[in-house]
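Structures follow.
Look for subunit A in each of the two complexes below; its partner is subunit B in the first and subunit C in the second.
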Partner chain A sequence: MANIIEELKNKFSGAVLEQDAAGAIFVPADKIKDIFSFLKLSYGPQFDYLSSLTAVDHLPDIIEVVYHLYSVKGNTTVVIKTKLNREAPAVASITEIYKGADWFEREVYDLFGVDFTGHPDLRRILTPEDCEGYPLRKDYSHPRIMIKPKAEVKNI
Partner chain B sequence: MALINKLPVVLEKIPGGNVLLTSADTLLSWSRASSLWPLTFGLACCAIEMIATGAARYDIDRFGSGVFRASPRQCDLMIISGTITEKMSSRVKMLYEQMAEPKYVIAMGNCAISGGPFVYDCYSVVRGAELLIPVDVYVPGCPPRPEGLLYGIMKLQDKIMKESIIKGN
Partner chain C sequence: MAIELQDIKTEEFLVNFGPQHPSTHGVLRLLVKLDGEVVNDVDIVIGYLHRSMERIAENRTFTQFIPYTDRLDYLASMSNNFGYVLAVESLLGIKAPERAEYLRIITVELNRIASHLFAVGTFAQDLGAFATPLFYGLREREWILDIFESICGARLTYNYMRIGGVSQDAPDGFADSIVKFLNYFRPKLDDFEKLVTENPIFLIRSKDIGILPPDLALSYSVSGPNLRASGVKYDVRKAIPYSGYEKFDFDVPVRERGDCWDRYKVRIEEMRQSVRIIEQAIRGLPAGDIMAKVPKMLKSPAGEAYHRIESPRGELGFYIVSKGDFNPYRLKIRGPSFSNIAVLKELARGVKIADLIAILGSLDIVLGEIDR
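And now, the complex of A and B:
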C-alpha cells in the first residue's frame, strides 16, 4: 500500500494525496482519469477490476465518491476516494477506462445526484423516471416515510 | 358469455328450470375453482415459497393450479408474491388489466398485504397491493409457508363456489 502512494506521488507531483485511517487514498477530483488510467495500465500489478463505485453523503458540504480497485495478478485491493462539493457534485466519468463503471455511475447519479461528465448514458436506473430528488442524501424526505414510534424499554 | 347471460331468463320460465340453474351454477363455479391457472408473478422472497408450493412436496398441481402461465392473457389467478416497489406498481396494474374475467388476486406475504417490514422507513415501497388492484384473499406471513399459500387457495376456491350466474357474479 505504501508502494502505491509513493508511485502516485512521484507520477502526479501536483496532486495532493493523503491517506485515511482505514487505508483509503484521497485524490483530487480533477486528476481522477489520469490516476485511474495509470493504475490500470502502467502500474506494476495492474488494477484491472473495478469492484465497486459508491458514494457517501457527509453533511453539510461534502459528498465522497469511493472507488474499490482490485488487481487479479497482485491480489491486492486499493480504495480511492474523492471529495466533491455537495452543491454541484461533478467528477469525470471513468467508463472509458473501466467499462463496468457504467451502471455504477448511473446508480450514484440516481441516488446522490453526482454528475459524471463524459458518461455515455447518464439517467436514472433504480428509482422511477418521474422521481424528484436524490433518495440516499441525508436530507431527503418522502411523504411515504413514517416515523416508527420508539418502543419503551421497561425493566421487568 | 352472452348465452350464459340469457340462460337464467329462459330457464326460469320452464317448470323445474330453477333446479337446472343451480346445477349449472355449481358446475361452472366448480370448474373455475378447480382449475385456477396462476400467473408467474414472483417479485421477491415470497416467490421462493411459491416455487416450493409448485414443487413436489407441497404440490399445487393437486388443486388444478399446476400450470403457471407466463402470459396474463392465459391465466385467471394472480398471486402477488413479494414487495411492490413504486417502479413495479405500474407494471402490476398493467398485467392485472390484461387478464381476462373472471380473475382473482391473492396477496401473498406481508409486503403485498401492507408493505410488510418496509412500512415505516422506506420511500419506494407501495404499502400493499390493495392500493393498486382489488384483492380477494390475503395470505399473511414473511414469507408464508407453502401450506399457508395452499390454505389461501382453498379459501379462494370456497369464495368462487359461492359465485352465481343468476346474480351476475
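And now, the complex of A and C:
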C-alpha cells in the first residue's frame, strides 16, 4: 500500500494527496477520473474490480465519497476517498472506467444527493420517484421517523 | 391475396414484468422493449423491497443489528450474519475462539448448499421443468433446515452469530446428524444431476445463452458463481481467507464459457466442495468456548473497517464507520446481487424473451440484498 501513494504522487505531482491512519488515500475531487484510469490501466497490478462505492455524511460540512478497489491478479485492495462540500456535492462519474459504478453512483445520488457529472442516467434507484430529500443524510427528517432519545448507558 | 412478411408493419412493444411475477425471483420490475419476440432493451427497476436498513443501523447498537442482517439475503442468512460480525470484529479487534470459527464455517457451508439447491431448482423451474427438480432440491434442503432448527431454533432467519462467537453450542448428536446428512446428500446430488444436467431440453435452453465475457463481468463488479463461470478465479475464501478457511482443503470450480449452463454447473460443483469442507470441519471440531470475552455493551473505537466474505451469491461486503460510539456512524452493505443484476441490461440485448428469463434465473439474485 505504501508504494501506491508514492506512485500516485509521482504521476500526479500537482495534486494534494494524503493518507490517513487506516491507509485510505484522499484525492482531490477533480482528479478522480484521471487517478482511476491510471489505477485501472497503467498501474502495475491493475485494479480491475470496483468492490464498493459509497458515501459518508460528516457533519457539519463534508460528504466523503469512498471507493474500494480490488485487483484480482495482484490480490491487493486500495481505498480512495474524496471530500465534497455538503452544500453542492459533485464529482466526476467513473462509469466509463468501471461499468459497475453506474448503479453504485445512482444509489449515492439517491441517498446523499451527490451529483455525478457525466453519468449516463442519474436518477433515483432505491427510493420512489417522488421521494423528496436525501434519506441517508444526517439532517434528513420525516414526520414518520421516530427516534427514541438515547438513554443513559451505564458501564456494565 | 397472400400477405408477404415484409408487408406486415411492426413496432416496438413495451412489456412490464412485475413487480409481482413468478419468474422474477422477488419484487423486481423489468420494462422490456420487444420487437416481436426479440428483446431490444430492458430497464431494471428495483427498490420495491427497500427497507432502509443502512439508516436503521445508525440507530441500533452493533448487537441489535444482527437480526436485521438475516433479512438481507434471506436464503443465506448465515452468510449475512457472518459477514456483519466479522466486519464488527475487525473494527473492534476481537477474535472468536476456534470452536466458534468451526461452527461458523459448518453452518455457513450448509447454508451455501441450501441456497444453491434453491437456486438450481428454481432455475430449472424457470426453464419449464416445472416442479420435479425444484422439489428434489427442496427435499434435501429440508434436512438442512432441520439441522439449523436443532442448533439455533430457526429455519430461515437464524440470528445465530454474535460478535465474538456464536450464540448456541452444537446440541448432542450434532456431528452424527451432519455425517448422516452428508452421506445421504452425496448420491442425491448425483441423482439430481442425472435428471437435469445432460437433459436435451435443458441443454438447448441454457447452453450458449447469456454468455458473459470475463472483462465485462469484472467491469460490472459481478462476483460469485457468475464470475467464476466466466473464467475468473476469484473466490474471497481463497483470495483473502477469513475465520479459518485456510485450514480446509477445497477447490474452487471455474468454467470457461460463461453461459447459463456454466453458471448452473459451477453451483452444482460448489455444493460438492462445500460437502468436503463440512466433512473436514466436523471431524476436526475442537472443544472450547463458543464466545470470546466481550463486554455486554460494545463500544467501538473511532475508525472504519471493510470486510468481505464469499456468500453463495458472491462478494458480500460490510463497510462500517464508527465515531467511537455504541452505534455505527455509517453502515454500507455491499450486496452481491446488486452488481450481478446490473449486467442483465447488457446480456439481454438481442435475445428472445424466453432466454431473458433463463438469464435472470441463472444469475441467482435475491431482492433482499439488492434493495436492503
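By our rule, the second predicted complex is superposed on the first by the 147 of 156 C-alpha atoms of A that agree within 3 Å, B and C clash if a C-alpha of one lies under 4 Å from a C-alpha of the other, contacts with A are read in each partner's own complex, and residues count from 1 in each chain.
Keep in mind that, in the parts below, a contact is a pair of C-beta atoms (placed from the backbone, for glycine too) under 8 Å apart; a residue touches a chain by one contact, two chains touch by 3 or more.
For clarity, every value in this text was computed on a predicted model and none was experimentally measured.
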Next on the checklist: For A:T127, using the defined touch cut-off, is the partner it touches subunit B, subunit C, both, or neither? Pick first, second, both or neither.
Outcome noted: both
Checklist entry - Of the two partner chains, subunit B (first) and subunit C (second), which one does A:P135 touch, if any: first, second, both, or neither? => result both
Next on the checklist: Let me test your reading of the model: by the given contact rule, A:K99 touches which partner, first (subunit B), second (subunit C), both or neither?
Outcome noted: second
Item to check | Contacts of A:M146 with subunit B and subunit C, given as first, second, both or neither | outcome: first
Item to check | subunit A residues touched - subunit C or subunit B, whichever exceeds | outcome: C
Checklist entry - Can you list the residues of subunit A that meet both subunit B and subunit C? => result 126-128, 135, 147
Checklist entry - Within the complex, which stretch of subunit A touches subunit B? => result 126-128, 131, 135, 140, 142, 144-148
Item to check | Sites on subunit B touched by subunit A in the complex | outcome: 86-87, 119-125, 127
Checklist entry - For the complex, which residues does subunit C have touching subunit A? => result 46-47, 50, 52, 54-55, 59, 215-216, 218-222, 232, 234, 239-240, 295-297, 303-304, 306, 308, 315, 317, 319, 321, 326, 329-330, 332, 334, 338-339, 342, 371-372
Item to check | Residues on subunit A engaged by subunit C in the complex (per definition of touch) | outcome: 21-22, 24, 48-52, 54, 56-57, 66, 68, 72, 75, 79, 98-100, 102-104, 111, 124-128, 135-136, 147, 153, 155-156
